[in-house]
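First chain A sits with chain B, and in the next complex the same chain sits with chain C.
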Partner chain A sequence: MKKSLLILAVILCATTLYGQDFLNKSKVSGSFQLDGNYYWEDNGIGITEDKINGEKFGAYGFGKLQYQLGDFSAGMRFEAYQTTPMSGFDARVKGMGVANFFATYDNGTIGVTVGDIYDQFGNGLIFRTYEEWTLGFDNSLRGIRAVFRPCNGVTLKGIYGKQRYYWVSYEEERGLVRGVDGEWDINNSIEALNDAKLKATLGASFVSKYESEPTMEYNGNIYQLPQNVGAYAGRMNLGYGRFGLSAEYARKINDPSFFNNWIYRDGQELLASLSYSQKGLGVVLQAKRVDNMSFKSMRTARQNDLDIGFIPPINYTHTHSLPSMFAYATQPLGEMGVQFQVNYTIPKKTALGGKYGTKLAFNYSQVNDIKRDSIMVDGVNTLNMMGTKGYTSPFFAIGDKMFYRDFNFEIEKKISAKWHLTLMYINLYYDMETIEGHPGAEAVKAHFAFGEAIYKINRKHSVRLELQHMWDNVGKNQEVDPLYEEYYVKRGNWMAFLLEYTIAPKWFVSVADKYNYGNPIADNRDHYFTGSVGYIKDQTRIALSGGRQSQGLVCVGGVCREVPASSGVSITITTSF
Partner chain B sequence: MKKFLAFLLFGFMFFGLNAQNKSDLPNITLKNLDGQSVNISEINNGGKPFVMTFWATWCGPCVKEHNALTEVYDDWVEETGVKIISVSIDDARSTAKIKPFVDGKGWPFEILLDVNKDLARAMNVSNPPHTFLFDGKGKIVWQHTGYLDGGEEDLYEEIIKIAK
Partner chain C sequence: MMSCDKLKEPYFTEPIVQQSDTIALTAADTLNFDGKIVVLLEDYTGVRCVNCPAAAELAASLQTQYGEHLVVLGVHPKTSYQNPAGGFPDFRTDDGNEWNSFFNVSAYPTGMVNRQSAIGTATWATEVDNLIGNDAPVRLIIKSEYDDATRELKLSIHSKFLQNVASDDVRLTVCMMENNIVGLQLTPNGADENYVHRHVFRGTADGLTWGRTLDTEAESIAAGRNFITNMKFTVNEDYNADEFYIVAMISDNNTKQVLMTAEKKIK
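Right, the complex of A and B next:
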């Protein structure tokens, strides 16, 4: 660690000593964020002194510095996570230090990066490293990356390294990740096709991980494990005028792991989409199939740890506070899904469009399990059994179990210079059993209505009122087995409001409440009342809020971020320079 | 170690004070909606100012900001010659949806896809929306995070200050 910083410093010094001219061309930038929370006991929503465990104050911050000089750039990020049990972070994110540093030289033809790398091949199916601060997620690759662009439209990449695993030393056991990727943008590389109507890009990648341990012992049996697990993917992206077609297919050799219950089955994944769009109308249909595609650089890794591949969910992302409590999580072991979306703007100055036009959006998404057929070995059903091939799965057969379905319709209209209205209806099916890992939990079949009105008082002052309601299939009078009470924390009907007053571009203040009035358990019929105030000056933003926060994607004062459940006060400061 | 970091920090700051002439656009390549590569460092607007704004389909305020900018865009272009470049930081889950989404909403901006947030990281963008105003030479002259109703007018005031 110290060594690498030293190298960084030497490079910096060397380049700066080179001459005054270089000094003038160098550029330093950075950013800073601090989230501080003070939690208090709130028995109403189950936050007891035991849960807080004396750790009332949580703080998470990072500072990032970047240096650029011509084709050379370098940077580092210092992180400090003082997490508490209330913060909702994985306990292992707790710690501080320089979590990320890099140095890059890229002259357009050749580029080399050493240090902690963020990159992805294609859609990221077999390789994607990224960082999501609010989730405490970072799977960056410490190692080296080389990029070579031999001619217009051709990009070749190679990566080699080990992934970040919270604060665990890079010397500790975990797999090596190696990969290559090639992309050919045909129109860019062949001059005669520069202006062709058909636009085509092709790509292919190969990624392999290496783990040194060749066997595993479990219950007296010795299992032979592949030390090298290879994965490959091919992709294409076609555009023809208003039409677009893109697809990526990935395959991975058998990779027994804790996550897939140590089965020796190959994995595969297909992601495809077809779209049509013109000014005022956009239509897109997406499909995907995932079969045993958890790909991690350590066989024993759990949850989202050490993911090498990224499985994109394709369903609609809800941002309103009630539906976002039921967000879908991808199922790397197997899922099949479709997504269909239409965006249409009724033109201005028509009967339905009115003076400003009317924006409509429709979305349908559904995700089911894949179908799994048993393999019989000596008369024994080996379905998903450790040390076997697991199962077979016909590619086009859809599994019976539905994980998630959502159809929603949104209408958005500027009524006049003063008034702006948005209405939305959402119909959701959410298989809590699978998505939240609660065996036996009743699926959520809910309807949501959302309405928002913005009244512009004058050029700078606006008032926004948001109303939401959720009708759940679990009624207020439904009897709940005391053993399963935790499955009903957010069940039953809800109503919510948010009232916000903004003074552009600097001030916002809001009050909001979510009320679970229809919960079948009387103790859960809680209000989640919050108040927020914030100040923005250029790129600096300070927000202070207090009250009860339930988990979800929260958008107040113009910025969205994901926050965990809590009761208390919090402050967020972000800035960049 | 701590001393060393502090030294490094001061070093950075010292160099930072000397940063004068360089364009603020990093050397990063992104794709546009036709799948064609665009090198960010080569972006310009023929010597006129341009705006770069970071957004995502899941970010309500970003969509509001884009709708508001769409309404005034023709007037702004006519009066100042400004250009808006809109950078989506949606990940692979939405890559295929961006074009129909943007067209369906009727947004007239040049859209770039920052699928793994390479540009957002290089520009120190933490949360969308984050809007930068560049002068004709590619220097950042103003930036703002978040969007509050009517905020586009404040951006316009800044544009007018530098438009010739």
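Right, the complex of A and C next:
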């Protein structure tokens, strides 16, 4: 509270300094969101009174305010999370207060920010702070950032601070994060190269975290701990005509942690991307290798807590309700992946293209584990053993275990002024064991078909129908070991539909159902009916929905949280000014 | 690079002492305890320190005065005053050196009474006297069994708390000490090769410089709690078992202050 008063004071000072200008030149903007849920018992999908535990109402809201006057800006975000067991949020997000605030002065050459900093170096491999409301995720850095742009095309940055850890006081134990980054846009910086066909940007960064404990005792052994863990990365972006090539490589020194089972191996990560684009055609090929790259500002942190680095996912993000139940979560301890994406538009007025053209999209992505070879020490296999280097891993060798594979094909076609059609086929391999942490769970090998038709009744009214089906490799008659029933809550065949009526630009109403008719456990063959109605006016959107929500993962950028099945009504209000 | 601590293997050290069985207290052990504090006087000293023999004399006279209520430990860190080159005995230890740097001792002799602060010899007597006679917060008793043939030493250290100790990190440090070693020492009258070095600290027995935390979970230790710490190890051939002692101390690791000390001759 004291801190928000400080910001207010800064704003007030600005007022007196600028006097009359204040009213004319300053700009205030903001946004608000409120999500409310009311849960009820629903024995059909196992929502008992015990599970709700008396916490029937969940509400989550935030308000963001930003003030700008010339080179100066300041802002804050107030958060209130009244979570319930049904919401699936980490219980530690519960709380309210001014979660973030900042003040920035930036005149184009020099910029300084104090307060909570959101930023990233390159692709974020060794430093990225961001906030994701739907995940309850916020790893912002409270401290100071300085940016210096000495000449055209050159940007130097320095950051220093401590990360947000839910509502835990910044005085409490967690490491300091310090980092520098430099980026050089060669074409922008050298005038003679301004219009060169070859475009190049180079960048490099260094980030170090400090934790005070030099040793740790465990089972009577005394473990040495690095107080300073450094990570560095280099990157380049090259463009030549329609081709683009970008790559970033990062490395991190010994960083034993709870997450990596206290091994002392260096971490490394490579992310590379090659692209080609022209009118009507886009091709992207991406590759990634991650090896022991969990980088957190507290050694004992778990799950998604206090991440300093970010591992960009290179998978297609499914938004349709059935495939999105099987979203991939990136594996910081090790993964190797590729993605190949082609988008092609068959031109208008051709035999296949028809009057409006036809859009085709193909995507293939696969992620495997890395290969880990044991290190023998005095005849003892030390694979992943606490207090050792853990393993060796040949850079180009692919691990046998496949975590995820997806290939999908989509056709989107406007048939006439009234009809618009989309068809999609998805083939998915999803290693539930690794992604959801269910040891021994059978992998999902599923096919999905998706079809969507939009019919425009007139300029304002339209109807949209969506049909989906999922064929799972787990059949209806498969015997399920009673001990592992929880692994089968979303297994077996599904079908789903959604019917939506829109009165542009203000109203929409929809009904939908997901039906897990092929679940091997008869009790799980449930319908998940929902109904929604929404109203939009200017910057304000209100949506009300009710029904059942199936168990699933909510993932943003490869970072996921599990959402349990629930039943109830929810309201979402968003607005901005 | 400054902010990269690249570590070298081995990343962990195994305990240098083994688990052992409890050696029970006898009625005599408890009856001999008079409920009063035993004070620790650390004498940071050196074989090449001309003024150190006088400090050792002072420590010895205080011990004569206070008897069993004062334990003296002669600590030899790793500075030029302790350098063994030229025929001097090498009493330096890693543990002693770490204590020395932590307490910022830079002149010799320097003393510490229950690790309150580093002080010159002029105030040793006063500080010791201030503490003597206080009630002991812990009844600390060392039980030992020594086998002359194998040189195996078994220890059971019994710490019974008599007062509440408001600290979340109360530790037990187990030190080895060898008394009466004859060896070269610089004195105001020149080098004396027949000098008797007393109370020489030989390092911690278990390699834990700052000791082991008695209860890692507790926010404080309540009166009445009892801890028994057992260990066994082989006494180094270079040490004279006839003059070998174990010195144990209970300290609050947050302030480093020593609450109670005990001493036991193994033979």
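We adopt the following convention: the second predicted complex is superposed on the first by the 548 of 577 C-alpha atoms of A that agree within 3 Å, B and C clash if a C-alpha of one lies under 4 Å from a C-alpha of the other, contacts with A are read in each partner's own complex, and residues count from 1 in each chain.
As a working rule, a residue touches a chain if its C-beta (ideal position, glycine included) is under 8 Å from a C-beta of that chain, and two chains touch if they have at least 3 such contacts.
These numbers come from a predicted model, not from an experiment.
Placing chain B and chain C on a common chain A by superposition gives a fit, with no clash between them.
When the two complexes are overlaid on their common chain A, residue A:S189 makes contact with neither chain B nor chain C. Contacts of A:T388 after superposition on the shared chain: chain C is touched, whereas chain B is not. When the two complexes are overlaid on their common chain A, residue A:N261 makes contact with neither chain B nor chain C. Superposing both complexes on chain A places the Cα centres of chain B and chain C at an angle of 130° as seen from the Cα centre of chain A, in steps of 10. Chain A has more of its residues touched by B than by the other of chain B and chain C.
Contacts of A:S374 after superposition on the shared chain: neither chain B nor chain C is touched.
Residue contacts after overlaying the shared chain place A:I253 against chain C, while chain B stays out of touching range. In the superposed pair of complexes, A:Y223 makes contact with chain C only, with no contact to chain B.
By the document's definition of touching, of the two partners only chain B reaches A:G282; chain C does not. Of all Cα pairs linking chain B with chain C in the superposition, the shortest spans 27 Å. Shared contact residues on chain A (touching chain B in one structure, chain C in the other): none found. Touching chain A in their complex are the following residues of chain B: 1, 4-5, 7-9, 11-13, 15-16, 18-22, 24, 26-27, 34-37, 39, 57-61, 65, 67, 71, 91-93, 95-97, 99-106, 115-118, 121-130, 142-151, 153-154. Remark: chain A residues 178, 208, 210, 217, 220-224, 226-230, 253-254, 256, 264, 386-389 touch chain C in the complex. Against chain A, the residues of chain C that register as touching in their complex are 1-7, 9-15, 207-208, 212-213. Contact residues of chain A toward chain B in the complex are 2, 5-6, 8-9, 12-13, 16, 23-31, 33, 64-68, 71, 73, 78, 98, 106, 108, 118-120, 123-124, 128, 130, 133, 153, 185, 187-188, 199, 201, 237, 239, 244, 246, 271, 273, 275-284, 286, 310, 312-314, 317, 319, 341-345, 356-357, 359, 361, 412, 414, 454, 456, 459-462, 464, 502-508, 536, 538-541, 553, 555, 557-561, 574, 576-577.
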